[in-house]
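Same chain, two partners: subunit A is paired with subunit B first, then with subunit C.
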Partner chain A sequence: MDYTNQKNPQNYSQMEDLKTLDLEESVSETIMRDLKMIAYKLKYVLIPKEQEDNGKELRNWDLWGPLIFCLALAMTLSFKADSTTNSSKSDVFAIIFVLIWVGAFVVTLNAQLLGGKVSFFQSVCLLGYCVFPINIEAIIIAFVGSYLPFVVKLIPVIICFAWSAYSSVGFMASLVPPHKKKLAVYPVFLFYLFLSWFSLIV
Partner chain B sequence: MLDNLNQDVSILQPSLQMTDSQVQNRIRQMKMEDPDEQTCYQKFCNLFTIEYYREYFDVTTELVIAKVVNAFNPFSGTFFDIGGGIPELYGPFWILNTLIFTIALSVNIIKYMQLQPGEHFEYQFEIVPFLAIFMYLKTLIVPMIYRVALKCVSQDRLTLLHCFTIYGYSAVVMIPISLLNSIPNPAIQWMLLVYVLFAQTSFLTSNFNQELKYLPKEKKYMIVGLVAVVQITIMILYKFYFFSSFNYQQLGLVKKRMNTHILQHILGAN
Partner chain C sequence: MDFGIQNQTDEQQQANKEPSNQNGNEGNKKQTGCCAFLTVEFYTPYFNVTETDVLQRIQGTFLPLRPDFLNLIRGNPDLWGPIWINATLIFMITAIANLRQIDEEKENQSFVISYVPQATALLYIIAFGTPIVLAAVMKFLGVDLSFFQTICLYGYSMSTLLPITILCYFQNELFLWLIIAYGFANSSLFLIINLKEELDKLQIQKKYIIIGIVVTMQLSLYLFYKLVFFSYVKE
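After this line comes the complex of A and B, so read on.
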């Protein structure tokens, strides 16, 4: 995990002390530290004004954030799926889970093949964090969707899709050479479009 | 010797030039043929590195857009002149994925429009794995058939990758047509599919024709006939499996526990 919250150890004995401190602290402290890190990264990724150093914070990638958002989205959508339709709840969960991870993998691979020089997991981490607006939209639609006509449901979907796409496009476009930017951005757009559409119709 | 590489190749094949990354790949291959310079990793694992495939993604935005616009024009026959006729895999791959998404979307829209007033809309999602597998297999196998046919008439300028490229771009016409296919009128749907058949076949044949100009007539007609037959088969499959209006219960055949219910429905409907 990331030790930037704690003091840097000066020598080996202090590192040992930190390790035992880590084991001795309560579980809630450990979890809160990780949650705070996820929240910090989330604000950093989704609110572009917070980025003062042009995306260098993203070098400390972690996959906990994407996992939490992926699981939350899959659980929200499978909770809403009836058992009487052709796709049961477990199908929807599996589809969303596989789609997010395989989709992030394919989009990152595409950016690398086009000549981008970014670490693989950095990009997966970013794409996972940008799934958060789709999460919000899925929760909105799950709770109030049955009372609203289709056109009203489209409004949060479009807003959240635009938010996700806009936050990740800035990063993805900076990875590849200038004449290939749109080529790297289009798969990201397709990825979030598919996720938004899926959360709309379930 | 390596400096004259690009010139030597361009003398042999005047219409097909090499990009920088292709030249570098060729230089690397020539270095690697020297057994002292090859490491074990380079000998066997080259297929698994990303650099090996980077050559096929060496495109710019303008190039891709130009090729897509050209693919909408069935008669121009200039597809292989764009960008020097370099084969690439970016276009075919992402056009394929867009097409899968579009067809899944339009199948759901068709189903939505056929709802009776009291029914609740159930989206059809099992179609997507089948659709994806069908599309990927089609895009893998059909260019191989074309390449084999071209080899039979001893045409060696179009490699397998050229066939992949042109076949992938020919699928672009299907994307707006499948969105329009959700209009409930059956006459319009048939007309749209006939248009796609015609457009794709003439795009492929007019581009192969450029390369086939010097062959005797029988061989030319053989290639054209092969292209047309393959396209007709695929269009028939599209119409009767994906866009047909009475097939939606049958699509649930993939789920085991719905099997008896579905079989009864089919027997009842027939």
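After this line comes the complex of A and C, so read on.
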């Protein structure tokens, strides 16, 4: 059976129907479908006007997206690391990788401890997808950073950091009771600030 | 109804009561069971603060001569402060140490990033390890202070390091030693004055043991801070 002419699924539940025929399709189709799903979620998370239903789409969490962005960021920064830092490439890779996953874990745990009732992986998924702007700025700085003075490099860093923070803050703030909002939001802020700082420095 | 089955259901009901007590989702109920401290619900009562509370507590640490802090937190020790003040410090140490290394003339700027794991280990061991050990020693010597109150006290005493880290940006060695000394004095005073009320109930030798532990750990923290993180000076 040939699925290449099918219309693109409009939402995740339509994609579910296709899953039963996984074993009969080629590997490239499976991968393309997963990539389309990641791209769909990414658009949903990062472009505010797509979110009309207050994050319900995030119930279909997945960790592939966050893993891809985490690996991309860690690899970008470690490729550049050799010439610009005293640490080796593997140090940089390890620090970034651990920082992203442990950071997402701790920020989610913090929201839960403050009384937020959210599924753990839903929140880790969101935080992982919002790392994408940091990826963009890391790539920009990796390619043109050596020609620019420090102050000019700050501009894309600040824009991408603001984008990441703004995308995830709405979701995190809605999880906790109103008088604890800032306590839940500040760690998210710190998390993306840390990652932005690394993409600037390395 | 068969009596055999009824007896079984009674026993089953009693057996079911215990797990349902453990699975109670109220934030106010204390958990029972051997591994209760591994659940999220065990720690929820310690995050019962608002942002104004946290700011008030941090302000309290900068004025060590007024022993209000322990009264502020006695009923409601929180863990949010200790965890996130230390996380902020880790970021600041990395950022300020890197900013000190900026040298516009060098072509290939090299920044150190190995401070992240070092700072994490140092700060979290001192901010959480020391109060746990101290609270155990104090309980052994008869002081009535819970683990969480000590952790809260120690965690907030780290907030003295926040402005100090920012000031460590400057390159002047004498200035750095001065502010490190000020930080050490401030946080040690803060800890000792707040513990004083509890410690006065003890004999002299026991009091000095505890004061000795506190001062030694603070001294090692501040020395480590200065010698490892901020000793690089541009020529």
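Convention: the second predicted complex is superposed on the first by the 179 of 202 C-alpha atoms of A that agree within 3 Å, B and C clash if a C-alpha of one lies under 4 Å from a C-alpha of the other, contacts with A are read in each partner's own complex, and residues count from 1 in each chain.
We take it that a contact is a pair of C-beta atoms (placed from the backbone, for glycine too) under 8 Å apart; a residue touches a chain by one contact, two chains touch by 3 or more.
Source: prediction; values computed, not measured.
Visitor: State whether subunit B and subunit C clash or fit side by side on subunit A once the two structures are superposed.
Guide: Because the two structures are overlaid on the shared chain, the partners are seen to clash.
Visitor: Mind working out whether A:L114 is in touch with subunit B, subunit C, both or neither, as first, second, both or neither?
Guide: Both subunit B and subunit C are touched by A:L114.
Visitor: Going by the contact rule set out at the top, does A:K180 touch subunit B (first), subunit C (second), both, or neither?
Guide: Both partners, subunit B and subunit C.
Visitor: Both subunit B and subunit C contact which residues of subunit A?
Guide: On subunit A, the overlap between the subunit B and subunit C contacts is residues 85-87, 91-92, 95, 109-110, 112-115, 179-180, 182-183, 186-187, 190, 193-194, 197, 201-202.
Visitor: Which residues of subunit A touch subunit B in their complex?
Guide: For subunit A paired with subunit B, touching residues are 85-87, 91-92, 95, 109-110, 112-115, 179-183, 186-187, 190, 193-194, 197, 201-202.
Visitor: Help me check something: in the complex, which residues belonging to subunit C touch subunit A?
Guide: Counting only subunit C, the residues touching subunit A are 27, 40, 43-44, 46-47, 49-51, 54, 79-80, 83-84, 87-88, 91, 94-95, 98, 102, 104, 108-114, 116-117.
Visitor: Spell out the residues on subunit A that touch subunit C in their complex, using ranges where they run on.
Guide: Within the complex, subunit A touches subunit C at residues 83-87, 91-92, 95, 99, 106, 109-110, 112-115, 149-150, 179-180, 182-183, 186-187, 190, 193-194, 197-198, 201-202.
Visitor: In their shared complex, at which residues does subunit B touch subunit A?
Guide: Residue list for subunit B touching subunit A: 50, 53-54, 57-62, 64, 90, 94, 97-98, 101, 105, 108, 122-126, 252, 255, 258.
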